[in-house]
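A, B and C are the chain letters, set down in written order, and residue numbers restart from 1 in every chain.
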Amino acid sequence: MAYALQQLINGVSLGMIYGLIAVGYTMVYGIIGMINFAHGDIFMIGAFVSLIALLLLSAGGLMEGPAAILLVLVISVAITGLYGWAVERVAYRPLRGSFRLAPLISAIGISIVLQNFVQVAQGARPKPSEAVISGGIELMREGDFTVQLTYVQILIIALTLAVLAIFTVLVTRTRLGRAMRACEQDRRMASLLGIDTDRTISLTFVIGAALASVAGTMYLLRYGVIDFYIGFLAGVKAFTAAVLGGIGSLPGAVLGGLLIGLIETFWSAYFSVQYKDVAAFSILVITLIFLPTGLLGRQEVEKV
Amino acid sequence: MSPILELRGVTMRFGGLTAVKDVSFAAGKGEITAIIGPNGAGKTTLFNCITGFYRPTEGEVLLHGAAGTTPLQRLPDHRIAQAGVARTFQNIRLFAGMTALENLLIAQHNRLMAATGFGIGAVLGLSRYPAAERQAVAQARHWLAATDLLDRADDPAGALPYGQQRRLEIARAMCTDPQLLCLDEPAAGLNPRESEALADLLRRILAAGTAILLIEHDMHVVMRISDRVVVLDHGSMIAIGTPAAVRADPRVIAAYLGEADDEESAAGAAA
Amino acid sequence: MIAALREAAIAAAVAFGLFVLLVGLKTEPGSAGTLILRERFGDVALLCGLVFTGRLLMALWRARRAAVEPGAPTRLAALTGRLGSWLAPALLATALLLPWLPGIGRSELDLGILVLTYVMLGWGLNIVVGLAGLLDLGYVAFYAVGAYAYALLAQYFGLSFWICLPLAGILAAFWGVLLGFPVLRLRGDYLAIVTLAFGEIIRVVLVNWTELTGGPNGISGIPRPSFFGLPFSMGGEEGSFAAVFGLEPSPSHRVIFLYYLILCLALLTNWVTLRLRRQPLGRAWEAMREDEIACRALGINLTATKLSAFALGAMFGGFAGAFFATRQAFISPESFTFIESAIILAIVVLGGLGSQLGVAIAAIVMIGGFELFREFDEWRMLIFGGVMVAIMVLRPRGLVGTRTPTIALGERRKISAELVQEGRG
């Protein structure tokens, strides 16, 4: 019981990270109908920027604790958002309206570039970092097994909820959100109505990258070790989350992220750690085959 | 009249929406049957039920073909084509990057495939394939000539002008040797001279032994060439009969007058 | 000019933002196991300068080109079209004579073998992606199935290469059908991501099923191929290749033999593809790429057509895998990562979907170029990715974008890329 509760806590905090990345996939897919293959690597960039910013702040001895983390988040969001913008500008925008495979190949190319750029710039070895926040609350004790909710997990859950709240307001209440939804419905019509679609799409990428960078920071705080390759697996899993929740649906992405996080955690805890990635991939395959619109997606009727 | 196609209580629902409600009628052998109705009356949905793109929620679609009666609603769509029902599409669906001739050969895929020993024999050069291909090219040539496209045989289908694309799609459907040809708005976008040529073509297809079922907006065309007209409104069949009888039916007039659209004037003019 | 300068300044500012932390500060393991930062702001300045100049030159070049010759891309297309008619025979002749050309040593032949392996993989995948329009991102799975099939059959049952080669192909084709079944209804990007997942599942199983596959350590000591039963051995003893043909024993015999082996396998792939393209099955693949719904209306069984494309593509992947295993004598899951699938797909798309010649050229350029940059080691993947993006941006339809009709009443004319669909399946 206690063991299961602990897994639940771990699964939810992992799921929040996947959910934040998944929102980026779902947004970009909704607005331009392509899988942003490099999104997982944007998450990786976010984690690296956070690491460097964290080291910079602590090396200067300027700040510690919550204030440092907040500043790290701001730096990470700004720089990773810039990466999102640059990727869209360089690799996707010139191919808009081109045939469908071109952006996909271009995205794979960018993904290779980002991974190897970080490898060249920062080295291939995993980067361990010291725990910035340690400790936690002891929730319950059963025999010699204690269920712990760590402060990092609390931070992850609180921060994700806060970020998602801001994001929801952004999408539902602001001009930019309306423009994004209009582009999603019908891009040509939106541009005829005077919406700058290029700018809207750019901002979609920036917002997606910003959310992924928050996920990157949290990943760093939670696991403490990052390398240039973490983006691939995290990306595929987050994409699975987006598909599971119903691609194009923002609440669906978060829900899908939570489910993937829970499934992965429980699978590792009760079955096999080695095959935990197989679990995620299998869910992806099963969802697409039996529930192609996902849990919260819209049903599409085939037009003939 | 001996029917080629018979619909019995066909109903199609999408979620809560009933697009086609309890439609029953028969299309005769050697006849042109037209389905008309205002926009959103469920014409294309009904067509998709007949040709297997949708599976009707209720009801039966029976093909009384040369090989006996086939219940189409149980077949996957490619089997329906093999059973002898060919169709065209409202928004033309040609293989745009392939030539007109290639389009017509793909229509004869199943026959050619059988002649190749399902692909394996032909790779090794062991089969009766060359003869089968010659025959297929001859049939394609026949329909290219019939649709006046012989000189465009080697042009990509996507590069043909609109009217020629419409004709090529009919030629392609005819290359499957259908017993029933279903045309979704074949005259849409054609100029008067082209519609005239289309009417001619349809009569020749009929004479060659293929019955025709068509959806059409152009009332002039419908009234002139159809043997029987089925009128749909809001998914239900409100009238069936000869063009003259349908034209005089008060419910039909009401359905068209009730809708502020350009069909109104078309129906009015036809009446 | 002012506008160009402004654009370049903006680009440099963006570059500064991108690079200031990730390049400017390098994380290094310091004392006591913690990370320390080393500053490299000189490199950041250099990169920003490069971006500034690059962007400036690009803006100026664009302005000039717009003024002088707007029709340049079409000229290029015409040129490749004219080159095409003699390029293919020339490439084939070069490939056939390569081991005997002056200046071709062992390392050059090894490179040739590597390039031909990718040509073969590209041609195999071209059946699935180029002709049938099914976007497959997990092609490497079949390559792995072929390689492991040969390695395991040889190890456990002592079967020879020539028996295992067809078995590897058949096994891979079987997997192709098995993986093809569940994805029949999926379209486009979804299909891509599911095939990617399949590829990864197979790799994870290879890594973890240690008893059978040796796990991450792989399988070593895979038997080398014999010359139809005659082993290549250095001793020149009775019954070896050198002894039977009365040659001086030399290690290059085997390399030359492997070279011709992969050349034959690649040409077999090409021959089957070209032949099928002119027959109903190949035409149905292309029709499916153009419009699935129209295919259904014409009575084409999409299930059978799709599965046949998956199976055939997978079979050639399996052949290539068995060849890879016998050539390396060692395989491990490392060789079958997602990046391999991406490279093969990139070769197909860069070459021009469906074009056999384009795929061959793309394989030569990408793999050959990749090997040329060997001394740059960790930089070369970076450049590789950059080239992928650049080619897509400049020529989204690939090098050879035109399509040749499979049959004609009169003269066969090339069909321009704009009309050819890329496949929604």
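We adopt the following convention: contacts are C-beta pairs under 8 Å (C-beta built on N, C-alpha and C of every residue); 3 or more make two chains touch, one makes a residue touch a chain.
Please read all numbers here as calculations on a predicted model, not as lab measurements.
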Tell me which chain's centre, taken as the mean of its C-alpha atoms, is farthest from chain A.
B
If you tally C-beta pairs in contact for every chain pair, which pair wins? Let me know.
A-C
Closest chain to the protein CA centroid?
C
Measuring from the mean C-alpha position of chain A to the mean C-alpha position of chain C, what distance in angstrom results?
30
Please work out the Cα centroid separation of chain B and chain C, and write it as a whole number of Å.
43
Between chain A and chain B, what's the gap in Å when you average each chain's C-alpha atoms?
49
Do you know which chain A residues sit against two or more other chains?
302, 304
By residue number and range, which residues of chain B touch two or more other chains?
53, 89
For chain C, jot down the residues that touch at least 2 other chains.
293
Seen from chain A, its contact residues with chain C in the complex are 34-35, 45, 48-49, 51-53, 55-56, 59, 75, 78-79, 82-83, 85-86, 90-91, 94-95, 98-106, 108-113, 115-125, 127-130, 232, 236, 239-240, 243, 274-275, 277-278, 281-282, 284-285, 288-289, 292, 302, 304
Tell me, which parts of chain B touch chain C in their complex?
51-53, 77-82, 86-87, 89, 93-99, 101-102, 105-107, 109-110, 112-113, 116, 118-119, 122-123, 129, 133, 137, 141, 150, 153-156, 158-159, 172-173, 176
Where on chain C does chain A make contact in their complex?
14, 17-18, 20-23, 25-29, 33-37, 129, 135, 182-183, 185-186, 188-190, 192-194, 196-198, 200-201, 204-205, 207-208, 293, 338-339, 342, 345-346, 349-350, 353, 378-379, 381-382, 384-389, 392-393, 396-397, 422, 424
Given the complex with chain B, which residues does chain C contribute to the contact?
272, 275-276, 279-281, 283-284, 286-287, 290-291, 293-302, 308, 403, 405-413, 415-416, 419-421
